[in-house]
Amino acid sequence: MFLSCENLTLKYSHNGLPVLDNLCFEITTPGLHALFGHSGAGKTSLARLLTGELPVSDKFSSGAIKIRNMKTLLYSYNTERLPGWSAISHHLDKITPASRKTQKDDLITLFGLEPYMDQPFNRLSLGQKNRINLVRYLVQDFDLLVMDESLANVDERMREKIILNIKTLYPDRLLLYISHNLIEVAKFCDQIIVLRAVTRQPQCIVVQGQNHRGYQPTAQLPERTMLELMNAA
Amino acid sequence: MLLRRIYQFLIIYCAGILLLFLLKYGLQLSDYVIPSPIELWQTGCAEFVRYFKDVADTLRVAVIGQIISVIFAFIVGIAGRKATWVGSIVKVAAYNVQAYPIVALAPIIFILLGDGFIARLLIASMICYFPILLSVIGIMSEPVVDIEHFYRCTGRLRWQLEVKIRAFENLNKLTTVISGSATLAMAGTIVAEFIAANAGIGYSIRIALYQSDLARILSALFVIGITLSVYQGLLEWAGALIKKGWET
Amino acid sequence: MKCFKKPTCRKTVMSGIILTWLFSIVVADAVNAGEKLNYRLKWLFNASVVGDLYADVHHIFTDHGLDVQVKAGGPERDAIRELELGHAQFGVASADQVIRAMSKGAPVIVIAQLFQINALQWIYRDDQPPIKRLSDLKGRTIGITYGGNDETIMRTLLAKGGINQKEITLFSVRYDYTPFFQRKADIWPVYRNTQGVFLSAKLAKEDETLRFLDPHDFGVRFVANSVVTSEQMIAKHPQTVIKFKQALLQGWREALNPANQKKTLNTLKQFDKDTSETILTQQLAITRTLIQPSPDIKIGTIDTAAWKETEQIMQAQGLIKKPVNVEKALRNL
């Protein structure tokens, strides 16, 4: 499993201003990694380039993205919605491959979503919506999943529970987590790709996270990593 | 919804009639220019049943014409929703057909098809089809990204699902357009009847016009208005029912 | 000012302004009546209005000290209504329009009758048995415009011939002649001097000839286009009305004078560009016979007996509820 960016450059199509400039990094191990940076630093654009939703090498982008041993690359984000014409359970049933029905049910239980399955999507809170959305991506056949603010509006304990569980359930997949939560990123992620302002070179710095793998009530806050992240950003 | 439509029409109609009477008595105009209230009432009573039958005949054509134009607009709108070569050809063709005023095409239609049911139906459909098409193309070519993204990136977005998502998300707009197009379908049928048909309220209005009988025309307008209000109200009610049923 | 800030008060003031504005639009033309005269024709510009156009183009109105704008008519135009609303000071209307207007109290006055013979006649093919008596209509499919005055005339002919409606088939007429060309109808109404001419020419190309059924030949006199004005105009501007009538009839006389034929055709061509000169010449010749059937009838003569007959026909058919005494509206100024 291998993902790398080489001299990746991207400009906005509407005004030609650069978003990403000469970006270089690589991820060579599966697990939960993070994309971190200020709002507008280009995290979402980078994620969409990585998953093929934006083309590399057209008149607005250049450089190379190298991907090895990964076929299905998915990008999920926090404002996605399910269609409103039937209950959530109906939609989830339709998009879950037959071999993953049990996994889907387990995720629903783990994510605390059982009571909401018969409701339409638009009646849920933002946090519930985001959890539902994440479940439907996790039951797909994927090698890389980008989770762009996928746990926004979810309370802290539940977030931690979800992160730890998906790290356990998907140890052989590459999960790229986009979040502004400094503590969470520092504590649970392996490599943290810090995107900085486009005017700074190198635009991205890779910081090693604490990569906690289980619930550790006595664990110390990852202050050192947090400081590194703050300095880098 | 239905009652609101009816009393809204009654208010507008009465305001219009009141304005006419103000002009009549303000400028001392004869009954030939603007009929007197008594004449209007008597004509209305005498002609109501006949005009109601005529309007029902017109409405029958308008409803069928509207259904045809809605189906056709959806077919063209769905085919033309993609920013592809085929999509743009479909759109250009659909727009070009509309570039000719229907009233100008009407004589050709009547010559080719005669002045019966089919000619009226065709003209009604053509008049109400374009606004529906514009709305459908607008709705169908605008992705609902937040919903479609998942299906697209997991390879599940077939055209039927895409259309369903976009229609569902814009159900209010579609209901409004379809309800509004009822007026156009009715107007289209009346225009067709006025030009050349042998039946319907447009034909009766043409006869009244030949006889310079404004009281009959105003009576016909009343029956048209009230019938159209009921029909539009029913369409809106049906739209609300569909939405409610779809959402639960 | 305080009142205007209240929504209800503001609405009242706004409604007042709108009503005043609407009234001003309606009465504006009436106020300007003395300055410019509008003459609303009954139909579009063609051979039937050649005298009106001639008087305009050859400055006959101007020579009489009048500033007249001749306006085309059409199915949606009604000169009598325009007279009453002040949008026109003179107009052309058919007798049935005048009688209907009188029955509803419109102050309309007829100052000249342009057509001595109604141009509205019926065509039928030469290969059909000739209609020499009204009973020859039996078994035919006859085109009529429901609500139009051709319906009234045909029903009068049928009544006069003692023909029951079951003995004929009535065919609803529209603006095009396809049903006649396709022989779906045997007899079709036309204006003899305009449509009658070009249809004859068109069918002649197919080696078909036409005959005409003229109600006048069967004793039905239904008056056609006449010049009308309002009672108010006669009362307030009698000299203007007299001058207008003189100028207009002079225009008609000159237009129909064979010596002026070239001039008349040139006038007509300015307005009717789609019709060939040959057709226009034929149309003009027939118009002459309808406006002035014999030299002893002056152009513009009001045929009071024919008007009374028209009124009787309309009353017999229930088109007016009670007599209007149409002769009261006829003025030989």
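Think of it as A, B and C in the order they're written, each chain with its own count starting at 1.
Basically, contacts are C-beta pairs under 8 Å (C-beta built on N, C-alpha and C of every residue); 3 or more make two chains touch, one makes a residue touch a chain.
Predicted, not measured: the structure shown is a model, and the values here were computed from it.
A.B. asks: Which two chains does the highest number of contacting C-beta pairs join?
C.D. replies: B-C
A.B. asks: Centre of all protein Cα atoms: which chain's centre is nearest to it?
C.D. replies: It is chain B that sits nearest the middle.
A.B. asks: On a C-alpha centroid basis, what's the spacing between subunit A and subunit B, in Å?
C.D. replies: 50
A.B. asks: Roughly how many whole angstrom separate the Cα centroids of subunit A and subunit C?
C.D. replies: Using C-alpha averages as centres, the distance is 83 Å.
A.B. asks: Could you please state the distance in Å, as a whole number, between where the Cα atoms of subunit B are centred and where those of subunit C are centred?
C.D. replies: Each chain reduced to its C-alpha mean, subunit B and subunit C end up 35 Å apart.
A.B. asks: What part of subunit B is in contact with subunit A in the complex they form?
C.D. replies: Touch residues, subunit B against subunit A: 146-147, 149-151, 153-154, 156, 164-165, 168-169, 246-248.
A.B. asks: Which residues of subunit C touch subunit B once you look at their complex with the stated criterion?
C.D. replies: Interface residues on subunit C, with respect to subunit B: 19, 22-23, 26-27, 75-76, 78, 80-81, 84-85, 97, 100-101, 104-107, 145-149, 172, 174-176, 178, 319.
A.B. asks: Which residues, counting only subunit A, touch subunit B once they are in their complex?
C.D. replies: Touch list, subunit A to subunit B: 51, 53, 74-77, 79-85, 95, 120, 133, 136-137, 140.
A.B. asks: Spell out the residues on subunit B that touch subunit C in their complex, using ranges where they run on.
C.D. replies: Contacts found on subunit B: 19, 22-23, 26-27, 29-33, 35, 107, 110-111, 115, 195-196, 198, 203, 206-213.
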